[in-house]
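Both complexes shown next keep chain A, but they swap its partner, so chain B is in the first and chain C is in the second.
Moving on to the complex of A and B:
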């Protein structure tokens, strides 16, 4: 009755949405594998920062690596961006796939999905709650990585602004803005893969299959994108936008490229959730 | 049950929308668009307007792509995008991806800066004149205006210049200026097409088409083009803290060959131009010891490549013999190179026989 007082009358008959979302979040965050995964992800930028700090300390004047890595030295604000783009190749997609696998297929494997399907919650609503859980926790993981990256970068590597790959130096505030932009871009891409994984998750009862199929999608996309004869296919591949994320350190910002990446991810999100929805509606519990 | 059906159709519509979105992203922009209608213009007037046009303040993306049909595997196909900005008054900024780093050239009027993010180095050139001579061909290609102008002036004597309809380049209506070799020219090239912007009269795209292929062998052009005032901050550069700054002028002076060295070099090479127009052939001599010298290095894929240049020629070239002796010929879609075993070399955008004739003229 207390919950009903907080909600408008129209929705009072069903379980209030905020409570469902909160309980879903609590459940996802209470799983030990989620916590261990988050902790490991948070460590990625720290480990990368320590590695770069040691490498620059021992060999003076030598470039630490290629691409972004060569710019991170003495350029702490770039460390979260470096960590995020590095994790985008495998760790973050894996996290998204794991969360999506647990959301539906995991429940089905435990036998708890049946209970949820017969509960007085609409199936579309159930899917929305599950999708919210996946999206919120992946956003949290990316934010966590950015936070540990900023702290580790400023402590280990220093720097009071951000040196872009175009050779300009952004003030601290603008640099922080670029980190936040990276967080948004990376999160949207993780959501795209998680949406595809959720669609698979709705079709199977084995969480492992979801993870395997999602990684298969990533690897096959990567292979297809390097075959010259299939160049026409590249703009439609899910991994194409992932490769463009490091462009956030260019100055001026290549807005068009980044926007195309977000649109592409949006298409995958739409397809993934639509397929998941149609399966949830026709599923026999 | 009705709600379920509605939800299912929503899901189907969602899937379809997503797929259509991906198809649109993958579809080349303006592929099946009708060419724009523009007022008629004669070829002479068009060339004239191109020659007299000034570069306004603009920003754009230039794409260079080539399909030369080289028999050497592992060469990059060369699809590179270059961002260009200019304020129309001599200040410019060019940035391009190189490997996994970024190279930026900023000309702020008095100084030209070259930034390379891969090793955080800055090269500084003081006067614009000296810099121009130092620009690599790649950067020159990034400026389609200069490339096209060079072509038009050089080719007018031996080519038919005509306006062949219109096209849309970088979403702008453009005239297609076509240079076709006169029938007497013995060349591998079919035509050179230059798309000229109808408004600014700037060349927007240059395409070189070879005989026997519909796709251009070489294409340099804008994929994005917008005129308008540019942010002045784009044309200033301060070397970031911790970057290696070298004086490009001093370095160039150090490596400048002396007059005698230049003379010696020219004497060994002995360059000669045979023919004119489209069938111009450049004939020279490569020192025989250079041809037989052991070269070891890494090719584009990082594999170890070793052997003399002659070995490489034997591998990729086709043996050929004629009045000049014997040698090897390498054929691409746009040009042919012939290296005789005694070190004489002939290069041109011509079929093999023309090269054989040119070498025989000696």
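Moving on to the complex of A and C:
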């Protein structure tokens, strides 16, 4: 090793960003709980599809349930949308929170954050890498659910078009478009909660706290939204946009409502990452 | 152990810019002062041992040296660049193992190092696999490289941490308790690696509880107690300063003591020789006096306080530390409060 210091070396000031992102993604996707979570999420539309297929088969013609669920029978393309909106009540926010918890708090707890900081990866850059990991994997989770939902829906329930909740029927292509739109809307909402979770994650070394606080936000927000006296608060609540997602199966599309939801999510993302960044810059590693 | 002279003689080559320097460093955690008034200097090329009881501020100081923790007051200079502004410049040339090895339990040793390597600015993508392989080889983990980190023993985890610090040729390597959990063979290997680094001109900062370890491997020592540096300097100087006595073995004990007393040199008789106090005189003078008086001298050797004695004196009781002769120059006593 005597000659080590004379070796030619790359004298870049920073490690290439793509290399960091790839490394982050590979690590997150190798983590056992990520994989188990993804597998379970992929199963959700399948299980729902099987349930609906059995229910419609046995009690011929009888409605399976309220809202979207009743629309799903014989209407395969609605299954992924049903699966995603159903998971938006708890499973997907939980996934986003878990990813964000592992991203900073988890890495701080097992000492790997320190290694990255000493490497060094700049603190703002590190947050960007982490945000990318959380965003990419949550998008992947939603896409995976949509894919298994489409396949299960078409196989179990059939259908060559999409019956909207307004009573019209969309052709297959347009129906598929609605599924993709749902993917986008749901992903953005998961990103919003993940941003809040990442802000908490930047403050603590305990991943559990991140998950608890994030779910607390979801639950409290849900409770506040049903109190009539607090109606004025509704536009600010994170869950308000989530409740609007099922409207994606209306015809014509309620663009304004859906867009408001995306904007609201954007505000949460902005606030979440601002807090996370301000904390990351001063955090003790 | 036997290594002490080997490293003791190659004391840090004088360089204008120290590898690391802190001035008036202070860190307060929620009202508790963890580190106060730390003026540490790590000469380039030195192997500096940081000693101190638990909670004396070693790790906090190291974390501030690496820019992991922002000091409450004071400043840090790392490889000639002030932190935190210079961190992007200096940190790529610093390897560190702080507060135990941090790795992902579900990845193998190799995968963990590949991830660490991805973040190293001074490693081009094409050289990563080779660098990781070499680092694993160097710490003796090549055989277990593909096992999950979860299943590693404490010693293997420690080795992997060391491999992470050695991924890239460094100018400074900081090791916080590197021999923690290692078996004697592992401890020896760490010592060899530190000697190699030293020989290659890398500056090493190592914190340890094991005084023998520090005595065997370090050229310089900094002793911390209650959050502040109570002594620092070259190891040999520090040890000499603590003990100003000379052991002379001679069969004619009485004659020797008398001869020295005639010259106002304080001496005491022992079983097979005498012990001479060197505060007011030098060793050659003592020998000259004895020989002139016709006392047969069989052996003369300077009695060295072990590092353990020095450490005990500096850290056990603040009063004892204050009593340490402030005029003995190599010792750099720092104001405690």
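One rule holds for everything that comes next: the second predicted complex is superposed on the first by the 272 of 285 C-alpha atoms of A that agree within 3 Å, B and C clash if a C-alpha of one lies under 4 Å from a C-alpha of the other, contacts with A are read in each partner's own complex, and residues count from 1 in each chain.
Methods note: a residue touches a chain if its C-beta (ideal position, glycine included) is under 8 Å from a C-beta of that chain, and two chains touch if they have at least 3 such contacts.
Keep in mind that this is a model prediction, so the values were computed, not measured.
In the superposed model, A:260 lies in contact with chain B only, and not with chain C.
Touch criterion met: A:27 reaches chain C, while chain B stays clear of it.
By the document's definition of touching, neither partner reaches A:173: not chain B, not chain C. Contact with both chain B and chain C is seen for A:282 once the two complexes are overlaid on the shared chain. In the superposed model, A:116 makes contact with chain C only, not with chain B. In the superposition on chain A, A:235 contacts chain B only, with no contact to chain C. Once both structures are placed on chain A, chain A residues 282 are touched by chain B and, in the other complex, by chain C. Within the complex, the chain B residues that touch chain A are 4, 7-8, 10-15, 17-19, 21-23, 25-26, 77, 83, 95, 99-102, 104, 106, 113, 115, 117-120, 122, 224, 231, 234, 237-243. Contact residues on chain A toward chain C in their complex (touch as defined above): 1-2, 4-5, 7, 9-16, 19-20, 22-23, 26-27, 30-32, 110-122, 282, 284-285. On the chain A side of its complex with chain B, the touching residues are 63, 66-68, 70-71, 73-74, 124, 163, 165-169, 228, 232-236, 250, 252, 254, 256, 260, 263-264, 266-271, 273-275, 277-278, 281-282.
For chain C in complex with chain A, the touching residues are 63, 66-70, 87-89, 91-92, 94, 96, 98-107, 111, 114-116, 118-125, 127, 138, 164, 168-169, 171, 196-197, 199-202.
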